[in-house]
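Each chain carries a letter (A, B and C) given by its place in the written order, and its residues are counted from 1.
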């Protein structure tokens, strides 16, 4: 690469100092066809998303304007929070936080062996590695609230389906991100373990694990942050936490109460992020 | 140093009390939170059994008769996600540019960043939900809500990308006598365009998931269908729907991810990194 | 700086369980991607010898050294170390054989976030039941070996330091201590000084020579610097394009021999100097 660059600049210097010789230009690469195709594909896709007959959405600005005149009053309420509602929100928000924390902690425990299983340097066996990865990818393809909806139907309304949702979701996030980080890292130290006659398990435990610990801690904190946001909405489908109250007040069009809840979620999310950022800075 | 036969004395091991204390504190908080949850923990043991039983109901013999309808609804969710992503990108690129350091004046930049931060802090689903109550529950308003709810994160990505790209190339254009517009066109845009396009696609991937969630609360699409059949307890249809969601989402992720890699990294380099680096030069 | 303290040879230092010979018979290695790195190399090294392998980058030095502990499987031919035949060995038996072969790497290959102590204990893997490694339990014997090895390379005071915070020379000494902790019968070193500055390079080479002299350990070291090869080793093996092209006493190797191994005139880069 670098030698080619040097060669190229030498050529151009030569060309500059010998202006009389006809320039021997390499053919200019033509991207027109490719770019045209890309633009056409983009346009086609966009048009297809606007054809109601095949499931695309119907762009109806008129309905929007009509609804807006009905609904704008609610938005006015939204900027006038009713603080007398605050006490009723405290217990659900606490439940939200508890669910977030417990889900993240349980997932943290399970994520360690699964991650080492899913990363190439820590698991040279391709078959088991791909098995774990496939399961994780399937796990991640299901949106969080979809889990919660199905789980609520399976095991009943309450915090438990919410907790299981958070757990599954966190395991997916942590295992995927950390195992990819391990994959892309440098693992010379493992070769030393192998040369000393260590088994993969020993190498993982004694070197790979301490070495990847900051990666894990980072993602655990990230999972906790995500959890606070998710557990705030889990209640919408009946899986515990503040979301249920939010959905209830919304259904009554009590937007002044909704404003309080949203404000509270905002504060909690920002606080958790502050804590998490502080902790993360201390991880070296 | 003379010959010695006694074992060598290592320096004393550094104390680990602080670390242990932290571990105890964190463990205590987690246990307290676990106990505080109003969950009948004896039910936890039933969960795997329940999940297994219902999974058999769902996946042993999925109801493929409703597949056409499911694909129709899935396409509706994807459409919401796509239109939402386009709206989001159209709004967030100019706003994000204004919010980037050195581009916009600070009286524009700071309020914009605060707005982005607030939108970011509130879960997207909640923002979308609130907007939907105001605008009515249709796929179009769903797309709109997705577009607005994503602005917080998208705008932040835009200004961070622009800020990280500014130095070298812009300076070169300015040194050659370029105006601000020329700097934007010939230094900033080439530097940030791939990243911005890649972020736009990433927004689409996120939206696919969020649009399914908006469906659950009635905005239409595969989420609505799933919510309905879950209420009807028609498990074989639910199973089929879940398979459709997973497969289609993974396919969309794969396509979008491949395009993103093409955009940001050019063609993928398959050659393995050489393991031994230094040698005789 | 290494004014090698004279020690009674008894059980003071980790002693080798006897030194081993190394024998390669018509060994060829072709990597899965089709690169042939070694071509019909035959070699016989007696117990206690100190041998250097020289050659250009890509000539197959690392490959040769890695066949000896089975990190690279041979495509044909046989590799024997002491009483064992390496090729064909797998799993538990290969691991326990590796436990007798110490190895030092150019890039040190330490776990940077782990303290020196735990890094050195990696050398006890082959002698530790897996449940012990999992729980992180060490025996008094292992601890003693680790500390003595660190002491013998003069960095016992760094035992609780994170490996990432050491200088290059210190890291390489930790790596040597790690290999010594294995109580090896053969010591392999793959470009152990290539990432070090000249004085540190000499110090590390001295450590290796001392290991060879004091414990009578067979030492095989890859070097691409001709003066170091001459100064510290007794026998030199030249590789060129995967073929063995030189085998003789290191001290007598002339410039012309190096030019023949390298296939080009000697350059200033080929010497460490200082």
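As a working rule, a contact is a pair of C-beta atoms (placed from the backbone, for glycine too) under 8 Å apart; a residue touches a chain by one contact, two chains touch by 3 or more.
Small disclaimer: the values here were computed from a predicted structure and weren't measured.
Taken together, the touching pairs cover every possible pairing of the chains. For the pairs A-B and B-C, the count of C-beta pairs in contact is higher at A-B. One finds 45 Å separating the Cα centroids of chain A and chain C. Annotation: 4 Å between the Cα-based centres of chain A and chain B.
Between the Cα centres of chain B and chain C there is a gap of 47 Å. Residue ranges of chain B in contact with chain C, taken from their complex: 1-5, 7-8, 10-11, 13-14, 272, 276, 278-281. Residues 29-30, 33-34, 36-40, 43-44, 46-47, 50-51, 54, 71-76, 78-80, 82-83, 86, 118, 121-123, 125-126, 129-130, 133-136, 138-144, 209-210, 212-213, 216-217, 223, 226-227, 230-231, 233, 238, 242, 245-247, 249-250, 253 of chain B are the ones that touch chain A when the two sit in their complex. Residues 5-8, 10, 12, 33, 56-58, 62, 106, 144, 147-148, 150-151, 156-157, 159-160, 191, 194-195, 224, 262, 269-270 of chain C touch chain B in their complex.
Partner chain C is touched in their complex by these residues of chain A: 188-199, 201-203, 205-208, 210-211, 213-214. Considering their complex, residues 69, 71, 94-103, 105, 107-114, 118-119, 121-126, 128, 130, 133-134, 136, 175, 178-179, 182, 188 of chain C touch chain A.
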